């Protein structure tokens, strides 16, 4: 149902294939998910997106699992079905337990709910919350 | 700029005031932020919202700081200014470092970006991501 | 904070002023809210928007108060601060009680919450719900 | 396409099954839609969500049909496909006529349109609309 | 998966069929996409929507191709799958090159990203940007 | 009302200041808008965001003015007030006429409206629109 075709390794440019090779090397897996095969139509966009993603999602001050859960949270509020599937799978691959997943869902639901209440009432920001 | 007034303790019902007393007790602080004073017009809605929030945001399988960051992530995607202010303040109060905040921002920005790319291209979900 | 100026009656074209005259006549009030003064820079867009709004919000199979509450619900999910202010005021002017407003808030909050849960879990649509 | 499996009655915990029994009793129907079977992985979240939904959607100051239409409005702005299907079906089951449905659509479309216009122009809120 | 059926020419009212005849005439094609067959249940809504769309998307100060790309941009941020499919197809039919499509995607991704960063940090508007 | 402070040139790191110098050089102006002063708390995020923005918004297959209008369209659907202000100002600086602005608004409003109608009716994608 994509509006672009998914390119096989043979159908893409050498520049795009080099990005896929780096994805495989960094992830230690031969599997390439559809997002990258769709982006491969534009090798420069593919390269820039992967370079940034690799950097942002690497271990740092936040745990990679926390980063995947944050990704699921944003993607849910944006109703990005593909992103929810891929980052929920990534969170599970990084060890998300069923209890953690249940709490992730509960926080998302709670945040959506109070986002709605606060926005509907147009509550003014407390002075105490300003930097 | 609210579409409802903010009720002082004296202006609200006894039922609403009892909820505020519980908020103060649980948080160990006398400060009550505007959200609750706006909700106090409807004591039943106030009570249900607080009861659920108290439960969802308590320590569990996820760290309370992680929960606050998830809350900021959802609230950002929903453009809830008040919620972003209050939960960023809460995350800082729970120890969020500048480095953690920078990574939170970077993940939000990355997720928004790929949400847009994936949605614009309508990338089909990989079989590997389905439960 | 607008990115366009608000035009006074004297600053706008005759075509725009004629639309404002119709707004005043239909509403039985001299007051013109800022939205129309901002749109007046483009008299054709102003005229088309008002003509459609007048038609859509008129009494029909749904009560005008119900229509205003639906407007608040959509505007909240879209985080349109101005629209929430203006349509909450319109709902009150059309008789929305405090109890009705409380239930409107509760339904918005509930819908936001289950929107988040359903989307996060990517629940497949039941056969029973398909037309 | 869910990221969680849908649990049959036999696969879920006794606590979850008790919630489903209450759903059946309240609705006077044996049919359980997928949302609850997905939530059943987390019995506490299932119980809290159903308890709140039952309360919020019950007859009150607003008619249950109006509540279902509000639910559709929010779910549309949030692009929640499942929620749109289930609450449109619920609205029809509660007697929504074709004329009412047409007006619901028209109001949603109108609100989306003026949300866009107002937000793009960043129209400042009129003093008259502030509480 | 629609919540409404799609009406064939024979199943719709004469008023609705007249709108479809105009769509065919304006577009110089017999093909009618599903959106109009779904809207045909409400001939007045169908007529109003088509009349406005025909006017808005016609050549003017902006090129029709630019208008289609703007439509894709809005529809992506709103996660409207159908709209993304139909307006990407329309943009291609109006001559959008692969290079233009790649830049459209890149701008959408960039805008989503900085929308997230700006909103998360709640950056105040510069005086220089106010009208 | 930011949740971060805005750093003056003197308060930021040398790495951040070097990015601002490049912004000034590329834009041929001493003015630095608040977004960059907020991002300057995290020099790496600042540098990555600017490097990408500079590349994406440069002249290419799409005109820089068209890119600014696309940015406004996405930012409106995401309700990013700051982004709407800054990119509307940028579009005007790049020559957007009042007539073009009026059509930009009209397309945004139209897209929002049909996004709502299509999503509410859950119209299935036509075979003709699939790649």
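Chains here go by letter, A, B, C, D, E and F, matching the order in which they are written, and residues are numbered from 1 within each.
Please note the rule applied: a contact is a pair of C-beta atoms (placed from the backbone, for glycine too) under 8 Å apart; a residue touches a chain by one contact, two chains touch by 3 or more.
No experiment lies behind these values; they were computed from the predicted model shown.
Engineer: So which chains count as neighbours of both chain C and chain F?
Structural biologist: Chains that touch both chain C and chain F, as defined above, are A, B, D, E.
Engineer: Which chains sit in contact with both members of the pair chain B and chain F?
Structural biologist: Chains that touch both chain B and chain F, as defined above, are A, C, D, E.
Engineer: I need the pair from B-D, C-D or B-F whose contacts repeat those of C-F. Over half of the residue-number contact pairs should coincide.
Structural biologist: So the equivalent interface, with over half the same contact pairs, is B-F.
Engineer: Could you work out which chain's C-alpha centre is the most distant one from the centre of chain A?
Structural biologist: With centres defined by C-alpha atoms, farthest from chain A sits C.
Engineer: Rounded to the nearest 5 degrees, how far is chain B rotated relative to chain D when their C-alpha atoms are superposed?
Structural biologist: Angle of the fitting rotation, chain B to chain D: 180 degrees.
Engineer: Please compute the C-alpha centroid of chain C, do the same for chain E, then give the distance between them in whole Å.
Structural biologist: 21
Engineer: Quick one: report the Å distance separating chain A from chain E, using the average Cα coordinate of each chain.
Structural biologist: 26
Engineer: What is the distance, in whole Å, between the centres of chain A and chain C, each centre taken as the mean of its C-alpha atoms?
Structural biologist: Chain centroid spacing, chain A to chain C, equals 34 Å.
Engineer: Among the residues of chain B, pick out those that touch two or more other chains and give their numbers.
Structural biologist: 1-4, 45, 49, 52, 74, 76-81, 84-85, 88-89, 102, 104-106, 108-117, 119-122, 125, 129-130
Engineer: Report the topology of the inter-chain touch graph, choosing from line, ring, star, complete and other.
Structural biologist: Topology of touching chains reads as complete, every chain touching all others.
Engineer: If we count contacts the way the header does, which residues on chain D are in touch with chain A in the complex?
Structural biologist: 1, 3, 41-42, 44-45, 49, 74, 78-80
Engineer: For chain E, which residues count as touching chain C in their complex?
Structural biologist: Touch residues, chain E against chain C: 1-5, 48, 52, 55, 125, 129-131.
Engineer: Mind listing the chain E positions that touch chain F in their complex?
Structural biologist: By the definition above, chain E touches chain F via 1-4, 6, 31, 33-35, 38-39, 45, 49, 52-53, 56-57, 60-62, 66-67, 69-71, 73-78, 80-83, 85-89, 97, 99-100, 102-104, 106-115, 117-126, 128-130.
Engineer: Would you pull the chain D residues touching chain F in the complex into a rising list?
Structural biologist: 72, 76-77, 79, 81, 84-85, 88, 104-105, 108-117, 119-122
Engineer: In their shared complex, at which residues does chain A touch chain D?
Structural biologist: Per the touch definition, chain A meets chain D at residues 79, 81, 84-85, 88-89, 98, 101-102, 105-106, 109, 116.
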